Amino acid sequence: MSAANKFHQSFVQEDLARVVMPMDLSQLNNSCVLITGASGFMGIWLTELLTHLIKTQQLNLKLYLLATDFSFAKREAPHLYEQNENINVICDDIRSLHELPADVEWIIHAAASPDLRVHNSQPIYASQTIAQGTLTLLECATRLPKLKGFLNVSSGYVYGYHSTKELIAEKSFEGFDPTSFSAAYVEAKRYAESLCTIYRNQFRLPILNVRPFSFVGPYQSVDAPWAVNNFINDAVNNQPIRIQGDGTAVRSYMYGADMAWWLLNMLLRGESGRSYNLGSAKAITLKELAEKIKHLSGDKIEINHSRALLKSKPSIFVPSVELAQSDMGLRMQFDIDAALLRTIQWYAKSI
Amino acid sequence: MQNQERSVLICDPTLRDGNHAVRHQLTAEQIAIYAAAANVAGIPIVEVGHGNGLGASSLQVGLAKTDDKSALEAARKVLTTSKLGVHVIPGFATIKKDLRLALDVGVDVFRIASHCTEADITERHISYIREHGREVYGVLMMSHMASEDILVEEASKMQAYGAEALIIMDSAGAYIPSDVTSRIEALVDALGIPVGFHGHNNLGMAIANSISAVNAGATIIDGTARGFGAGAGNTQLEALIAVFDKLGIKTGIDLYKVLDAGDIAEKYLVETLPTISSVSIVSGLSGVFSGYVKPVNRIAAEYNIDPRDIFFELGRRKVVAGQEDMIIEVATELSKRGRNERS
Amino acid sequence: MKNAIKPLKVAILGSGNIGTDLLVKTMRSPYLTCTLFIGRNMASAGMRKANELGVKISDQGIKAIQDDPACCDVVFDATSALAHIQHWPILASLGKHVIDMTPSKIGEMCVPSINLEDESSAKNVNMITCGGQASVPIVYAIAAVQKDLEYVEVVSHIASRSAGPATRINLDEYIETTEAAVKKFSGAKHVKAILTLNPAVPCVDMQTTVLVQVASPKLAEISESISKIVSKVQEYVPGYQLLVGPVLENGRIVVTVKVCGLGDYLPKYAGNLDIINCAAIAAAEHYAKSRA
């Protein structure tokens, strides 16, 4: 293992030690978890967390990791896949599944790229992976004798476009135009939720939805087309941070380790049939975000606004997470400053 | 909107689109002379290169007298306040051969272009520039060939790939102001990035179209000195700045100095001042890429046919930019047809 | 009576447009028989088509061949360059003759009208690109007459609808691979490849133009050389036709060819996909004959 990989491994262990709280894990012991989309940001963090629990809590747990391509995951986190007898990697297209190992008791369905570029360049592939992939997985799940929980990873975008300051709660749906090209990803996600509902109804499968918002941290590719990644990429490369528009767009960010811990709690303790928002409820404008990143990286760089002065349309994408807090008492351990600092440290060392 | 202080970012492709007008024969000295004048005038972005952009010097479109590296370096040396820009069409330019070179020379703004319905060929190129921390715009060429909703979809793709602004080009000079208004309004409404307009003057509409674009919410406008550009030329920059001054639209450009830059262009770059020739009007009417005027005229003379017939036939076949070889095929066919009719 | 040739067993890896069109072409060939059609998704159109044609199908990817190595002698790999890089060592160890439809650039580049003889022994045969298959024969015919070519350029236009997401995202690879082939078969010092997508409806046929600049062009000889090779290409690509030239225009030799597809699985306008598949079938048939 290279020095960079050793650094990755211990870095993530420190983060996980901070988020793991005392919890009854007996349900997981001697069981088996399937993660789809296991090679992505969410999948790698979940694999890290479960591997961490296996080691630190003497858990007997088998993992099945499903994805079409593990090259990114194996490059970034080889320690997870080399000589790890708890892990079984399945390289397959979720759409062609017809059977799952009979010992699977827990499923986290995180297949589908959240990358806007994929939705735009390969819209049919993106929609099909979500719609057909979810259908295939549910169909297989109906034949699992010991299934205890099925967590469907949906998207915070299912709520439609929001422009008011109110946090988006689990019932805050706004309408949108299904014929618009950019709605295709969201419509597929909505359809996937709908499929979960009818399979729960017809087969009484223990299913719940999780709707993720925005995240930051290790295992996101630095070229991902989101503002926070661009800003951090600029900062780490010592070049000016460039803000598009007037910087008034409002977002919120949850750190990868918190995300993984919350997801596991939702799987084990969430109420079947419910939908939970996943993310941070602490709003921040892109302008404030850029300033924080500038400050955290030593105040050496400038912030430039796009020269064609543009008044941005109000855009707000921040969840209410009260439901997760009241049902499961979840709290974030990394506030925005800690999350950004850890992410900058990670990329500064990795690049 | 009308009462607010309005400002527009000017991009000047004199040293790129103008290359079409001189069959891509601009020299490094000419580039340095005009770039220096543009820099003094405070023009924000100066675009340099072969008429079809980076890596486009070819037998197909025309071999450039000055290679990309020398042309960009000549401009880079004198552009102290203006940014250096390039036009990039994937299919001509590649990341390894061309984008890397331009990054090394120190190009500031990359305008990655595709035909108006083919934005997904720009994903890799836009992402690459974004990762390397330079400014990157998306450009939809021949935009008259797509409806508003298709333009919005394609523009949204470029935005998703990381484009920081979106320019539509009236590459054939085919628009009238109402066409521009509806398209720009739709784009401004749908996108979260600045929208721009690049005009051509085939139907004498370039300035009027540019004003319509600004009134519809565009904040980036292209113009060239003396309108030096493909076909009947581009939007004439000096006149555009004067009109913007009159309308109270800020550009940050010094009027006298941009007039001087125009004079310098006329003296050092321009062979014949752009005019709205009969053939250019037909090019605009038939919706064919303005850059085809020179090769069409040449080939029409060689094959002894009417260049206007060639343009209408190319328009019927819906050719896009980069299909210059079709001109010979069309000329061959028209001359055969002519012979058959005579015999 | 001659002994009937026992057809060679081929497996097709990849159930997309290319793979499925290859299947239809294979079924028509007296020298080839498709014994396994492999995809990843049983519900895909290609898999359903193969099933309907009565061909054995599998959704297990390369594993299907590993599990039953005797199922085939030849493998067409119509997946992606990335996947082919992983497939090749496995197929090589199983001793398969591989015809690579992806731009992975692993094997020897093959244009059936030019170098079939040399390629029959190669275990990994690379089919270059559609623009390469269309332009290289012309380039080669010109180079046979005009020695020491300085610069060769090839320009292709294809219908937008025939360019799927993989082609679009890999334009740079298309250009690099085509340029490598033009260089290899022309010996020119400098080469350039250009690709344009045309969205016109009805869809345009694939058209490829070769442009060459030479000091003293021997047009008559070139013309003869080209017409010979065009008929050779037509033996395996029926829709290949000379449209323009060679003509001398503005100091350039210009030759334009057009490729209409056979309309097997893909529509006729997809001449770009048809020509590379026709070439692959020609390469496989040649191998079949050489073994018979």
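Order as written gives the chain letters A, B and C; numbering starts at 1 within each chain.
Operating definition for what follows: a contact is a pair of C-beta atoms (placed from the backbone, for glycine too) under 8 Å apart; a residue touches a chain by one contact, two chains touch by 3 or more.
These figures come from a predicted structure and were not determined experimentally.
When the C-beta contacts at B-C and at A-C are tallied, the pair with the greater total is B-C.
Taking the mean Cα position of each chain as its centre, A sits at the greatest distance from chain C. Each chain gets a centre from the mean of its Cα atoms; for chain A and chain C, those two points are 42 Å apart. The geometric centre of chain B is 36 Å away from that of chain C, both derived from CA atoms.
Shown for chain B are the residues in touch with two or more other chains, namely 120, 123. Residues of chain A in contact with at least two other chains: 121. Residue positions 165, 168-169 of chain C are each in touch with at least two other chains.
Those residues of chain A whose C-beta lies close enough to touch chain C in the complex are 68, 92-93, 95-96, 98, 121-122, 125, 132. Considering their complex, residues 7-9, 44, 119-120, 123, 127, 130-131, 133, 135, 152-153, 156-157, 160-162, 164-165, 192-194, 196, 219-220 of chain B touch chain A. Interface residues of chain C facing chain A in the complex, by the touch rule stated above, are 39-43, 59, 61, 165, 168-169.
Listing the residues of chain C that touch chain B in their complex gives 151, 153, 155, 157, 160, 165, 168-169, 171-172, 175-176, 192, 194-200, 204, 207, 209, 211-213, 243-245, 247, 249-250, 252, 254, 256. Those residues of chain A that touch chain B in the shared complex are 116-117, 119-121, 181-182, 222-223, 225, 230, 233-234, 237, 239, 242, 244-245, 249, 306-310, 312-313, 315.
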